[in-house]
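Would you mind keeping the following structure in view while I ask a few things?
A, B, C, D and E are the chain letters, set down in written order, and residue numbers restart from 1 in every chain.
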Amino acid sequence: GGDETGSAAESEEEEVSDSASDSTESEEIQELESVKIVLNWFANAGHGGIYAADDQGYFAEKNLDVTIEPGGPQVSSIQMVSSGSAEFGLAHGDQIVIARNQGIELVALAAINQRSPQAFMFHKGHGIDDFDEINGRKAFIQPGIAYWEYFKSKYDLSDVNEVAFTGDHTNFIQDVDSVNQVYLTGEPFFMEQQGVETEVKLISDSGYDPYQYVLYVTKDYLEENEETVRNFVTAFSEGWEYFKETPTGTLELIHEHNPDQSMESLNYANETFEEFIYGGDAAEHGVGYMTEERWSTLINQLDEAGVMEVEVEATDIFTTEYLPEK
Amino acid sequence: MSMPSVEVTKKQKLLTKKASVKENNVWSKFKQIYLGPIVAFFIFISIWQTVPVLLGLKHYILPKPTDVVNAVVQDWGLLWPAVQITVVESIMGFVVSAVIGIMVSVLLASSKMLERSIYPYAIILQTIPVVAVAPIVVIWFGAGFNSIVVISFLIGFFPVISNTLMGLNSVDKNMDDLFTLYNASKWQRMWKLRIPSALPYIMAGLKISCTLSIVGAIVGEYIAGIGGGKGGLGYSITVAAIQVKTPYLFACGIAAAMLGIGFYLLVSLFAKFMLRSWHESAMKVEK
Amino acid sequence: MVKTEREVVQFQQVDKVFNNEIIALSDFDLSIREGELVCFLGPSGCGKSTALRMVAGLGEATAGSVNVFGNHPKEMIKETNDIAFVFQDANLLPWRTVLDNVLLPLELRGGDKKEHKKEAIRVLEMVGLKDYLKAYPRQLSGGMKMRVSIARALAAKPKLLLMDEPFAALDEITRQTLQMELLDIWQKENMTILFVTHNVYEAVFLSTRIAVMSARPGRLTSLIDIDLPFPRQLSIRTDARFTEYVDLASEKLESGNEGRELV
Amino acid sequence: MSMPSVEVTKKQKLLTKKASVKENNVWSKFKQIYLGPIVAFFIFISIWQTVPVLLGLKHYILPKPTDVVNAVVQDWGLLWPAVQITVVESIMGFVVSAVIGIMVSVLLASSKMLERSIYPYAIILQTIPVVAVAPIVVIWFGAGFNSIVVISFLIGFFPVISNTLMGLNSVDKNMDDLFTLYNASKWQRMWKLRIPSALPYIMAGLKISCTLSIVGAIVGEYIAGIGGGKGGLGYSITVAAIQVKTPYLFACGIAAAMLGIGFYLLVSLFAKFMLRSWHESAMKVEK
Amino acid sequence: MVKTEREVVQFQQVDKVFNNEIIALSDFDLSIREGELVCFLGPSGCGKSTALRMVAGLGEATAGSVNVFGNHPKEMIKETNDIAFVFQDANLLPWRTVLDNVLLPLELRGGDKKEHKKEAIRVLEMVGLKDYLKAYPRQLSGGMKMRVSIARALAAKPKLLLMDEPFAALDEITRQTLQMELLDIWQKENMTILFVTHNVYEAVFLSTRIAVMSARPGRLTSLIDIDLPFPRQLSIRTDARFTEYVDLASEKLESGNEGRELV
């Protein structure tokens, strides 16, 4: 992050907290509204703003009692949100488009990651310049993951020995020629810690660059609870502004929840995430900002990949209306 | 002098009577055997069809049977090869479970010392999360088919061992004495006494193991990957889950379940055949 | 009683206590010489089966010792393999047919299968079950099961034969036939037989010696030498000496159990 | 007249003799019971320690026992709470499996029609991949503890049902006749005849199920997430895998395996206790 | 034979064929009146147990009909619940103690538990097992198991009692005591008893009538009314008429099985 973004966020914070206190005054009699947000993964640095908003009482100021429920390898936040067992969820941009393709009407409210931290990891000295070079290698890829479908349509990957990636890296380590899907914020750090030297290439270098950690609700919920959504998104943004400046307290909180995540790794992740979260459009428009162009590109790319069966309008799928104006 | 002929006619009469009774009973027998399951099936399907509607659950949460059927029809080209692959994997896994399971139990049962020393490692193999050992399995057996069979084995062998051991240790004391008396060797006792009298337990273990082997094959595909080959149901399920194709996911699940029932019936039939001549669970007693 | 013949079974001051509580045998002392046919008479629960099981190495004496062919029974079994037991209950393997049940001891011993089968069929014929070779035990009547068990023991052609009430479930006629057969085999093969029965006539008819026991604790109360000629004919039952022996045995049996109501 | 006193001394003698023999045997008994397992354990550990060295496998591929011990010591603060959580989850899962499993089997066994109609759905529940039903489970039971218990149940109940049913259908024909004769009601027959005589099978089923319930709890965390609560071993394993902390991953796996052995021993003890008075597998026969 | 008394058991031209092959009973025709004690004599495997099991509703006639108290046996069991069976093997539940085994029929019938226990202990005392209340079947001798089984049947105080060789495993003294007890109960409770035995003396001593059967196929060959006074004393055994009956029964038994070697 840079200085400018920092100061911009500060000024915004004041503004937002003012309006927050206004609304709390007017609705003081109201009870706290309970909502639940399902994360896309176990709590980590990428969820810092949400935890900060909760911890700092931004949600409470907006009359919200938010339960943060971490996800997991097989937890489908989309199904939980669409079934109503949670109101808010985090998912990747392409997941939201694919859900829409299956008739699940979700609306993205904010994108935590402006760019995708998804990457391919290689052993040091075995990296690639161009994605075509993956051909002929062993690739540990989660079956069905969207960008892989896109890659298959765009590059010649006919000769890739595709092996299901299940979260374990042992087999990657074993085979110096292999490729492993990773999150930039995690694996490379852990590899280094184990003394395995790696290099990475971002997926987004291919032009496939969906928003990641996208906050969303169902269309129905949005229509019926606009006020709640606005409150939530506002507090969410405030949380991120706070987290951007003073991450340590929140990271410690996450570490407490999740002792398996060492402070070291959380700090690393946080630093890596900074560029993705606060950079790009967010530098100018604030955390969570999204554009129609990016969504359309994504939809087109998925269409090219042959994943789409129905036509989806980008404007249908996201809204920045509830994000604080910048 | 005429007695024998009277005898014969009478017997004849009895036999023919029995036969005609049998024929008349075809319908009532049908009712008895199949009516229940059929009714249950329809009830099950109706409930399943209505629940999502009543609770307002969308097809991507809990697809209705009709959605699933649609998915099956639509994606039959994907489903059918996946089923075939899973069948092969799980049969292999089951056979390996059964053979190794029984062999190991027999070995363990042949000495208390051996049982006490080695059995804990069988429990370890069963309880240690497959995720933990999967990498080693993959390293040793290569990604894909072999590893999947190994994982299916890891998941399916324990019921066989546990039950077989229990059976081998449940030999009737008096029969055991008989073998002691006739100075039967350890292996004679095993083959001619302990294994036959453990058969009901072994069969019960196989019944459990055969369904677990399918679970194992699916988990195996999930965990050990599909190597270079085509994916089975486990692969399809993963993909369907990620793409939120819930009806197809259910179709895969139900395919797995039907495989399970099929396996179970086959193994039950085998068990009936093995125990038919003497064990209460399988023989028809004429009263 | 001191003879030069080899002693086959020797109980020496045997005690047997179950569960530290039930005294089944106490101070049991008995030597049985080769070629004897000793019948055990005694009230129900007095320890007859227990004594026989010890001879077969299926139970350990709590005190004292049991020797068979001069060895500990377990050793003897391992070495000579020349013993057979007709248990009190038929004790057939339910998963084997009648024929296969009779074949069992022969199979365990090893050898020519055809010979075995011939022998098994022969003894089954003898006990009147040649039509049931392929039947399973559950298809047999109580007496038929016992006869399979007897056939199984005889098929093994043992040197030492232990029979625990083998004929109790049989009708008089079958019983007589089998008694004659048994005596026949016994003489031909020079077996030693220990035979438990509740039938005093049977005991006198069959045995060279009768061991009468009393209950609680099981003790040997008297030994009666039966000095009747062999081969024994059915007609002997009307012999005066036969009746005498029967009376003597009955009396001993009764006096040994004087004062007890039941057991 | 002096007989009784002689009798008493003799008996006394026998009993004391027995006691002294017992004392002398403590060592030999120890040898008999524990020597085997201890030796096996050392062999196992030695092999495990040498294999990675011989094959040149790095600690992040196959950690040596010493690596694992280090990991345990170092991360004890993480491991111990995780173990506790998994213990609670799997005990709950096991109890639910056992109770529902036995109850359902009893119900099914009470009528052939019911068995034929409903049993297939038990097989379906067992074989249908948990991944397929996980979303529904999570929606109905909430992410975290409840869902994990449900998944542990889904994985663990089938061995109980399958074995219990086999046991309930293995009642000795003659005893069954006895109950028919005394006009026992269906439930009297169930309680006083079928369940007692099925106990050995039920116990064998519980032994399988108790280890599976741990697998279930771990898989459950993996599939249903940890909700708001702290993570158990399943969570730790996932995280350890991602963080390439293979020794810690193994530590978690071994913790799970040790839980498995512990559970198994407890259930075995319980089985011994239940069957002790009459069943060959559990009673001490005095000869 | 035509009496006005109520008929308790009626076999009407009963055939029983097992597996479409083994003819166990053929043209079996017999009526048993209330209060009778009918003994069945017949060679091993002739169908005695089969007949008794049919009376108890535990087997279906292949042809003909069996009636008990004027009903189909299965109906009768459901309605009156007044039947007890001493099976040929003791048939005890291994997981129940001796006392609990005897309590079983009482438990199944329901009622006051204390009363039941008293009654159970009383009959166990009668069969000489009062010291074994807490023992498990596996800890008993063969004869003791049978006695538990007898106690179980008697504890139920049935109107119709079926006994399949109940005393075969008992010594002469125990047997006599129990015979006397049985006759005593029979007279007091006005039971009807069907009693299978291989012991002709026992049959004559106990019964009002003896049914002699032949084997292959099982047929009723003769019915012998035993016209000896009740209550019967042990001394009756030396009575000439007793001996006559014994001879008659033996003869009928033998002649019915003429020409057969065994079975």
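The rule we apply is simple: contacts are C-beta pairs under 8 Å (C-beta built on N, C-alpha and C of every residue); 3 or more make two chains touch, one makes a residue touch a chain.
Fair warning: this is a prediction, and the values are worked out from it, not measured in the lab.
Looking at the partners of chain B and chain E together, the chains they share are C, D.
When every pair of chains is scored by its C-beta contact pairs, the maximum goes to B-D.
Chain centres here are Cα means. That of chain C falls 28 Å from that of chain E. With each centre defined as the average position of its C-alpha atoms, the distance from chain B to chain C rounds to 48 Å.
Chain B and chain D have centres, each the mean of its CA atoms, that are 20 Å apart.
The multi-chain contact residues of chain D, meaning those touching 2 or more other chains, are 61, 131, 135, 139, 173, 222, 238, 241, 246, 279, 285. Chain C has residues 18-19, 53, 58, 89, 138 in contact with two or more other chains. Within chain A, residues 74, 76, 79, 83, 166-168, 170, 174 each touch two or more of the remaining chains.
The touching residues of chain B, counted against chain A in their complex, run 57-61, 131, 134-136, 138-139, 143-144, 221-228, 231, 235, 238-246. Those residues of chain D lying in contact with chain B across their complex are 32-33, 35-37, 39-40, 44, 61-62, 112-114, 116-118, 120-121, 123-124, 126-129, 131-133, 135-136, 139, 158-159, 162-163, 166-167, 169-173, 200-201, 203-205, 207-208, 211-212, 214-215, 218-219, 222, 233-234, 237-238, 241, 246, 249-250, 252-254, 256-257, 259-261, 264, 279-281, 285.
Note for the complex: chain A touches chain B at residues 74, 76, 78-79, 82-83, 95, 98-99, 102-104, 140, 142-146, 161-168, 170-171, 174, 307.
Within the complex formed with chain D, the residues of chain E that make contact are 53, 56-58, 77-78, 81, 83-85, 87, 89, 91, 93-95, 104-105, 107-109, 136-138, 156.
Within the complex formed with chain E, the residues of chain C that make contact are 18-19, 22, 41-45, 49-50, 88-89, 127-129, 139-144, 147, 164-165, 168-175, 177, 198-200, 250, 253-254, 257, 261-263.
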